[in-house]
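Lettered A, B, C and D in written order, each chain numbered from 1.
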Amino acid sequence: MELRKDYFADVRKDGLHEIGQPRPRLDSPGHVTGKTAYFADRNFPGMLHLKMVRSPHHHARIRSIDTSEAEKHPGVVKILTAKDVPHNVYTILILIQIGPEDETVLADGKVRWKGEAVVAVLAETERAAQEAAAKVKVDYEVLPAVFDMEEALKPGAPLVNEYHGQNYYLYDSGECRKVRFGDVEAGFAGADHILEQSYQSSPIEHAPTETTGCVVVPESNDRFTCYTNTQAMFFTLDNASIILQMPGSKLHFVGGTVGGGFGGKVDVIVEPIAILAAKLTGRPVCFIYSREEEMQISSPRAAEKVVIKDGVMKDGRIVARKVTGYTDAGAYSRHSPYGAQKGAAHYPGPYTIPNVWIDTYCVYTNRTPSSAMRGFGVTIGDFALEVQMDKLARLIGMDPLEFRFINAYRDGDMKAHRQPTEGAALIECMQEASRAANWPVAEKYMAMSSYRKEA
Amino acid sequence: MAIRRGRGVAAINYPTGMNLGGDPTQALVHSTPTGNFMVTLSSVDLGQGMKQIMAQICAETIGVPTDRVVIDTADTDTGPHCMGTFASRGTHRAGNAVIQAAKEARQVMLEVAAEELEVNASDLETDGQGNIQVKGAPQKSISIFDVALSAHFKRGRSISGRGMFLIPRSYPEKETGAMKPSTCYAHACTVAEVEVDDETGEVTVLAVKNVFEIGRALNPKMVEQQLVGGSWMGISHALYETTEPYYPNRDHGGTDFNQYLMPGPGDLAKTEIIVLERPSADGPFGAKGPGEMCANPQIPAVANAVFDAVGVRVDTLPITPERILRALKAQAAG
Amino acid sequence: MAKVPVQFMLNGSEKAEFVESGTTLLNALRDKIGDTSPKGGCHQGTCGACSVIIDGELRLSCLTLAETCIGADIKTTAGLAEGGVLHPLQRAFLDAFATQCGFCTPGMIMAAKVLLDRTPNPSREDVVEALSGNICRCTGYEPIIQAVLLAARANSQNAA
Amino acid sequence: MSLALQTFSTVKDASAALQAAGSRYLGGGTLVVRAANEGDVSVSSLVRVADPGLSRIAVSGGKVRLGASATMAAIARHPELAALAPAARAVGGPAIRNMATVGGNLFAPAPYGDFAVALLALDATVFTEDGEMPIETFLTGRDTSRVIVTAVGFSLPSMESFRFLKVSRVKPKGVSVLSIAALLQRTADGTVTSARIALGCMADRPIRALATEKALLGSKLTPQEIAPALAAAGEGITPITDPIASAWYRAEVLPVHLGRLLSQ
């Protein structure tokens, strides 16, 4: 790595004692000796293992659940169904008044994706829990499912989630989050070229080497200690408190040493049910996702579809950009309405465009609910935007890097969501990339600065 | 058979924080009787090194070496609230909270030192080595060890501080979408070079040259860790990863690390990292969040390089050999 | 649930425990013996985080039944430092900033140790091959490869 | 009905125990222990044989006999089995190769079982407690087989006559997109006099490329002369679709990789 201190030296104070110093990481000695304690490195006498019975169907009504055989299985201590969860509603963003109460902790009457949690089995050993889980009988009436976002948005599509009443999240702005800036149709009308293209991704897993999980210990003072690898301690505590209808003061969360997160451990899925199990059994409980669960059950990065329509001039100026984004939330919201909204704020990318129209939709389908991941709401949009930039440059016969200089945002430029640009540095990054990659651009671009608009 | 080369570029920016939800983090700092400093938080270290960075931020602010700082985090019985580690907010939000708390503690520390040295607190400075000295007269000094002892046992002062950093929630305007979604923006530009086998669609990423602007490299080696690992993940996203390889068909989802594809140690691109620092107005020592954006520019850069190599566009992620081969065959068929 | 006795050497000390028949070595080490340095990242044999050295060979403790290790000589990352002095590989992982979340680190170090024990001066390709069964999600592998090469260089300098 | 391991000193005794419902044979553990870990409760008893003879590798008079418990690592490092080393090294990473056995590989469903692809090309004989059979017969019936494989035997190929290729997305260790093993006898001028080609991932188990084998006879390994053989590569294949690749992709690139292997 090379630190190029010559850029922005005038606005930066260097020569600090500790900041900017490559100090060794204080956690590394624990890592290399195997002494770092992750949540699962704690073992407690009498600890029970929780295994989840999951839906084998993408969409089905639950006619009945029969746990009688499973309960008799040797080693089984407790079996939990929806009726055992005090407030059986998943409440992830309710504390900040975002996100609907559209998901249960354990399925109640219906399942909406293949893998949805239905029954929790607690047993003395993992093996006993697995064996008993195989004996839980759930009678399903299979319902039509929808997997394609376009199909889901059509009239008459199977309704994924009754809470919403339609297969998209309803924002205060309507069926999508909107950004309107300038007059996009006028921009198109005056453009030399129009290019409309569609981009698509599929779900992506965080795939941390340590799977999601927690270990819960009932303490002598009527409190519960939850050792967890959540990315958000109080998020988890407060949500667990609501679901369990238990004062937050009864809950003690210990974490902060996590085997990789990447956004995959913010969903508060494992902790509430494990605490409930510890409460009802009076025993320590561990609930750790198997690798298969981590890969297919834990929320992935949403699949997205992005449609970009641009109006561009022969001289390289983009004069209008219309973006329609679709985020595939899966069967439940989790963080996806936020991600789609964050996408609306991110478009049209780091470029100054006078006429912008953004619609971002959060769409429900019968698949594993998606949620946050590294680059949430932005990563796939950046893929679409930057491939589109390449296509636009080639369309008008311009060098793709020079084309970006022409449109790059700079300090003071008004963004589409009506914030003035501050602290821009796109131009300098591109200048340095031009040098490092031996990708020459015209001298006038190398003379530009994010600070101001010179000739 | 032909192996064809191409290169592509992409430039991006990335927002720090999640203003659309309201975004607070707190920190507490206190001194032990012998002048070590405890930082109490509830922020989570996912492996990115948040604990180490908070230690360096606290040390710089108070004016002690980093090894005099202990981070106690992610225990809800002791640590004050933090929203969590996501949205590139950890360093930015918790860092600001730690600075505020450390400044308050430093002020008490200087006041006690001033009493011991019989000077004005405003005339004192730290030497970064564990001592407090009079500005312009460094021979007149006292160790922080002695200051802490005095505070505890002689002067009855608590060398401590409280930090709270809140970005109030921004509500998007319904019709126009006017909003303040984040605080500062990091930037990047990546140039990728690839080879594409035009008979199999296989892509080899030969090299990526990444330029990142991250505000301030608080610990350059740790920044390098993030950026190198992020660049790998970006390439991985571009060419390999998905839980649903036949999306929107739900079948054949991978359930292990054999089936969930990521580049192995034999697939690594030659990775060059260049870092620029334009300090942000509101970041701790100007820092922005580099952890997320560093995995983004490689994806379109690789996509554009594939087009440059073989003249077909694959606008669906991941850009698998199958998708390239299908596009090549469609192209050949006219 | 029949319990069976197992006895083996772990990092130079004799260990004897009763475990349930069919218990993996990984679970026996972690839950019974208290050596949590091998990590359970997948229990499938696909991540390498549970790697240990059995009679000189790299093995996956998640796919090895404890009962099949009776009399074996088992080494884990927890036993690598001698008298509080880090093994050169451990030192190199620190110096090369080759750990982030750290979860893969003990397994990586085991895989690297077997390599360096047999091939003190490995090529980059040797290192890549040796680490190929171990997944890291944070680092992009390059710092880990560099750490192993650094350790090899440090070893050869000490030997010279 | 919890899991239990039974250890026997002879194959005969183990074989008897294996007839009980819920029993599975434990070789290297890479398949069966994984299944148990993942909650396959149909397995309640693991049966193994503690006979070091099962791990023996014998090479003499041009004949090779690999004990069923011989590991991929043992084969890869055996000085007389250099021709097989690429196939043995194609299996897993170093730790897996120290565990995965010849016997287990014969049972591994596609996309696993790359070594069995090599054994199929080598026309191996599979030895069991009850006798012996050609590998093709064994592979056809393996799903319902309750026998314990004790060894495989085959004639040691020369380095020149045996070629192996595994294509994977992830390097150096990844699951197969496909694998190809070819045993080719040629005259001094390079004309193919016999060909035996086996394919991995072109069905749920290794299969032979019979049409390709036939088309190669009498040709030299030049791009022109192998073209008919490559064109015939798709005959009789039913490639798998999995997270690694689709059947379509596997079928499309099979002739490409086969051509590269043959014209090496």
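The rule is short, and it goes like this: a contact is a pair of C-beta atoms (placed from the backbone, for glycine too) under 8 Å apart; a residue touches a chain by one contact, two chains touch by 3 or more.
Just so you know, these numbers come straight off a predicted model, no measurement behind them.
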item: Farthest-lying chain, centroid of Cα atoms versus that of subunit A; value: D
item: Pair of chains joined by more contacts [C-beta pairs], A-C or A-D; value: A-C
item: Between subunit D and subunit A, distance of the C-alpha-averaged centres to the nearest whole Å; value: 41
item: Inter-chain centre distance, subunit A versus subunit C - centres from mean C-alpha coordinates, in Å; value: 33
item: Distance between the centres, which are taken as Cα means, of subunit D and subunit C, whole angstrom; value: 29
item: Distance from subunit B to subunit A - Cα centre to Cα centre, in angstrom; value: 17
item: Shared interface positions of subunit C, touching two or more other chains; value: 1, 20, 22, 42-44, 46-47, 97, 100-103, 128-129, 132, 135, 137-138
item: Residue numbers of subunit A (touch at least two other chains); value: 25, 27, 75, 125, 127, 207, 258-260, 262, 290-292
item: Junction residues of subunit B - those touching two or more other chains; value: 46-47, 49, 221-222, 224, 228, 230, 233, 245, 253-254, 256-260, 262, 264-266
item: Of all residues in subunit D, those that touch subunit A in their complex; value: 1-3, 36, 38-39, 41
item: List of subunit D residues in touch with subunit B within their complex; value: 167, 169-175, 241-246, 248-249, 252-253, 256-257, 260
item: Sites on subunit B touched by subunit D in the complex; value: 1, 199-201, 240, 245-246, 252-254, 258-267, 320-322, 325
item: Complex contacts: residues of subunit A adjacent to subunit C; value: 24-25, 27-38, 40-41, 43, 75, 125, 127, 206-211, 258-260, 262, 290-291
item: Subunit A - residues contacting subunit B, complex; value: 1-5, 7-8, 11-12, 16-23, 25-27, 58, 93, 96, 98, 114, 147-149, 172-174, 177-181, 197-205, 207, 230-235, 237, 251-263, 265-266, 291-292, 295-296, 300, 303, 338, 341-342, 344-346, 349-350, 358, 365-368, 372, 374-376, 378-380, 382-387, 389-391, 400-401, 404, 408-409, 416-419, 422-426, 428-430, 432-433, 436-437, 439, 450
